[in-house]
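Two complexes, one shared chain (subunit A), two partners (subunit B, subunit C).
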Partner chain A sequence: MLEVRDLGFAYQGQPLLFDGVSTTVPDGHILAVVGRNGAGKSTLFKLLNGLLKPEDGEVLVGGKSISGRKISEIAAHIGTVFQSPEQQLFAGRVEEEVAFGPRQFGLPANQISERVSDALNRTSLLDQIARHPLDLSAAERRFLAIASVLAMRLPVLLLDEAQRGLDRVWTERLESILEAERSAGKSIVMICHDMDFVERNADTVLALGGRTPRQIPVPAFFSDTEVLAEVSVERPTPYRLREFMT
Partner chain B sequence: MLNSSIYCPGESSLHRANPLTKSTGLFTVVVTSFLLPPPALWVVSAIILLIGLACGVGGSVIWRYVLLSLPFTLAVFVFHGAILPRSDMQPVLGWLHYSLTGLEHASLVGGRISLILASSLLFVSTTAPATLLRALDAARWPPGLSFLLASPLLLLDQFTGRARAISDAQQTRGLSVDGSPWRRLQALRMLLVPLLTSALADAQERSHVLTARGFRALPYRTVIDPPADTRFQRFLRWSLAVFMAMETAFMVLR
Partner chain C sequence: MIEVIDLHVGFASSDVLKGVSLRVAQGERLAILGGNGSGKSTLAGWLAGWFSGGTHRLTAGGCLWNGKPWDDYTLVERAATVQLVGQFPAQHISGRAFTVAEEIAFGPENLGLPHEEIVTRRDETLAACHLEHLAGRDPFTLSGGEQQRLVIASALALRPKLMILDEPFSNLDPEARSHTLSVLNALPADVSVIIMDTNPDTVLGWANRLFVLHEGKISEFGNIRATLFDPTVIATIGLPAVTRCFLEIERGSGSAENLSRDNLPLTFVEAAAILRRSRSA
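Coming up: the complex of A and B.
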């Protein structure tokens, strides 16, 4: 379980971006973070994974506070798939990229290779195990970034725009990974602009950029015209259809 | 540890000066560095770092200056002062020898690099790449040429951005970047290797961009909001150009 309590943050010399943001992501739950560009979605992730330090509030994983810990220690609890994965791959081979996280934990070699093949299998990249990450297609690189985090087997998963620009086949693969992780009891937070994707996969929504960010169940969120206008997001297709029919 | 950009926004007169004036100044310093004696090279380097402090970019300039020049300066002094055999080698302690002429030569080479580095850092930390591009376009430089001149700056920005992204990814996947010097060295190596690979991979792409931007139908691009320029700055640029020409003539004829 991931809990955020009264988070407050501002970039140096800028007005407060977050003021008392709270949210709870239970085990086996998917929270979608939505909001227009610059609303602070990516910043929220950096506050969760320790790259930025909040000025106020606390982040808890499994009931224990991780605020103030080192980034590499938080990495044992929270995994992050950043926006633009082509920027974040660094190994010379697909296999090495995925093994990096488990290796930092000091696992024995046979466990590492078991985790690597499992993660690559789940992301349909097992055939590419010996290739250079830069030789992969855009979608494959995205999934390599996902595999690298899956191999760490962490209770909390953060995904920044993981579905953006994927075709139908890859989108379905992503959805089945999300579903499997949810069934395995993970707390998942995803930043997402695609409201159809949110509607299909998320349990609750945290809308940033409005007056008071609140965590709302998906059906309630998409029925609340006021909040939708405040954070300027489109309604997903099923909701628009329903509105059209009645 | 890494800023995403070397350029530090500010309001100092150096920030507001036209980028053409600043580049002319930079070229003058580079040319002059070949004429100055060693002590002057180090004194002028220090003055330039002080100007950086006065312009509010001192922290970023000095930090990078130390990081980039220290290893080089040390290597030059050890190599010329104590390793390269010279006729005036004097024993210091056991097998350790030193040469005065070698040290003088090291001070000259090191001082030159130090001066060029300090002034380049001052230039890039007070000049936004986009402003430089607009200034060159406003002066009706061919787009290809101005892009070629500004691209090292744009590249540096891209490079530091990518360094940050890789470092963030590695740390959130459990890499500890503090601890023993050995660990830190390992972390640095894990950052530098992928940076170099991606720089090489990008180089090919960039050459395509250059051709695409360089050879277009219009000989120059029109600029809607050219950076401010003044009559004094134009006068200064011409004077510096004449001064550089005289320096060059002196070096050739001497």
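Coming up: the complex of A and C.
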């Protein structure tokens, strides 16, 4: 379980971006973070994974506070797939990229290789094992970043626009990974601009950029026209179509 | 006018484009749809004259702007003629500008334009792209969506005759998306625009012509419906969101009308008309 309590943050010389933001992502739950460009979605992720330090409040994983710990210690609890995978990939071979994380845990070689093949299999990248990460297509690079995080087998996953620019085939692959991780009891937070994707996959929504960010169940969020307008979010297609039927 | 003639290109050990031919006349608005890995970004790069040599391998064919290959133009001529906005905005930022305003001026400065012209273009672009409130910010501190808008603005400041945008809307909120479309629609009539996308929704109602890139080959079907309902297109990029959700609703409720690919709704307006009719029937 991931808990965020009364988070406060401002970039230097700028007004307060977050003031008392709280949210809870139970085990086996997907929270979608939505809001207009520049609302602070990616900043929230950096406060969760330790790349930025909150001014107030704390972040807890499994009931224990991780605030103030080193990034490497936080990375043993929270895995992040960043918005641009090319900025997170660094190895010379696909399998090296995926093995890097589990290796930091000091696991024996056979367990590392089992985790690498499992993660690459789940992301449909097994046949790319020997390639250079930056020779992969954009979708494959994104899934390689996902595989690297899956291989860590962490309780909390952060995905920043992981669905962006994916075609039908890759979108369905991502959705089945999300479903499997949810069933495995992971706490998942995804930043997402695609409201149809949010409607299909998330349990609750945290909308940033409005007056008071609150965590709202998906159906209630998309039925609240006031909040939707405040945070500049479109209703998902099924909601808009059903309007025509009533 | 840009012309692609039987373009065969590869990258690393694979062939990416396997004989692509395409002609884009002045002022056309063209969308090229394709799944991930279909070669869209490679085609975009060749259209913009980015890849001659290097790791990108040309085996046959080529691209001509007004009858001449890009290699025959100087860098300045090419930059003033064609601009490509790729999928990764952070990779476009020059790194030579401390502010958003300087970043937009960077291109016109490198064209060697007079100072007043650079300032005019910078200020007009800031206003047209609604970036004035970010003018003094460091480009690298912007959010992903804001960077995407800055990169589009920087390209427009060069006043190109051909704009190519590779998935330009995927990172934008609804307001920014519709504003970006209106900026593209307000371009002078002789500017051609090509949008590459995996998602049919973003280009429906915008494009004059719709192409599909699949396994390195390009096709133009008879019309937009024939394109979107092609079985390969449905299997790779999927139906438009409205059509897909409409079919799901229909399966549950049953409709009074016979629906086929000739009259299935592609847009909210079309869906609303059918749903209202079936409700009153």
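FYI, the second predicted complex is superposed on the first by the 246 of 246 C-alpha atoms of A that agree within 3 Å, B and C clash if a C-alpha of one lies under 4 Å from a C-alpha of the other, contacts with A are read in each partner's own complex, and residues count from 1 in each chain.
Everything that follows uses one rule, which is that contacts are C-beta pairs under 8 Å (C-beta built on N, C-alpha and C of every residue); 3 or more make two chains touch, one makes a residue touch a chain.
Owing to the predicted nature of the structure, the values given are computational and were not obtained by experimental measurement.
Student: Is the arrangement of subunit B and subunit C around the shared subunit A a clash or a fit after superposition?
Tutor: Superposition result for subunit B and subunit C: clash.
Student: Counting only touches as set out at the top, which of subunit B and subunit C does A:Ala229 meet: first, second, both, neither?
Tutor: Neither subunit B nor subunit C is touched by A:Ala229.
Student: Now for A:Gly38: first (subunit B), second (subunit C), both, or neither, which partner does it touch?
Tutor: second
Student: Does the superposition put A:Leu134 against subunit B (first), subunit C (second), both, or neither?
Tutor: First partner only.
Student: Between subunit B (first) and subunit C (second), which, if any, makes contact with A:Gln88: first, second, both or neither?
Tutor: In the superposed model, A:Gln88 contacts subunit B only, not subunit C.
Student: Just checking: does A:Ala109 make contact with subunit B only, subunit C only, both, or neither of them? Give me first, second, both or neither.
Tutor: Neither partner.
Student: I want to verify the contact counts: of subunit B and subunit C, which reaches more residues of subunit A?
Tutor: C
Student: Quick one: is A:Leu16 in contact with subunit B, with subunit C, with both, or with neither? Answer first, second, both or neither.
Tutor: neither
Student: Return first, second, both or neither, reflecting whether A:Ala180 touches subunit B, subunit C, both chains, or no partner chain.
Tutor: neither
Student: First (subunit B), second (subunit C), both or neither: which does A:Ser148 touch?
Tutor: After superposition on chain A, A:Ser148 lies in contact with subunit B alone.
Student: After lining up the shared chain so the two structures overlap, which partner does A:His193 touch, if you call subunit B first and subunit C second: first, second, both or neither?
Tutor: Touch status of A:His193: second partner only.
Student: Between 94-102, 166-174 or 202-210, which run of subunit C pushes into subunit B after the superposition?
Tutor: The stretch that clashes with subunit B is 94-102.
Student: Please identify the positions on subunit A that touch both subunit B and subunit C, taking each partner from its own complex.
Tutor: 84, 87
Student: Using the touch rule from the top, collect the residues of subunit A that touch subunit C in their complex.
Tutor: Counting only subunit A, the residues touching subunit C are 11, 35-39, 41-42, 83-84, 86-87, 131-132, 135, 137-140, 161, 164-171, 193, 196, 232-234, 237-238, 240-242, 244-245.
Student: So in the complex, the part of subunit A that touches subunit B is made up of which residues?
Tutor: Interface residues on the subunit A side: 49-51, 70-72, 74-76, 78-80, 82, 84, 87-92, 100-101, 104-105, 134, 148-149, 152.
Student: What residues of subunit C sit close enough to touch subunit A in their complex?
Tutor: Interface residues on the subunit C side: 11-12, 34-37, 41, 87-88, 90-91, 141-146, 149, 167, 170-176, 198-199, 234-238, 241-242, 244-246, 248-249, 253, 268, 271-272, 275-276, 279.
Student: Using the touch rule from the top, collect the residues of subunit B that touch subunit A in their complex.
Tutor: Residues of subunit B touching subunit A: 161-162, 165-166, 168-178, 190-191, 193-194, 197-198, 201.
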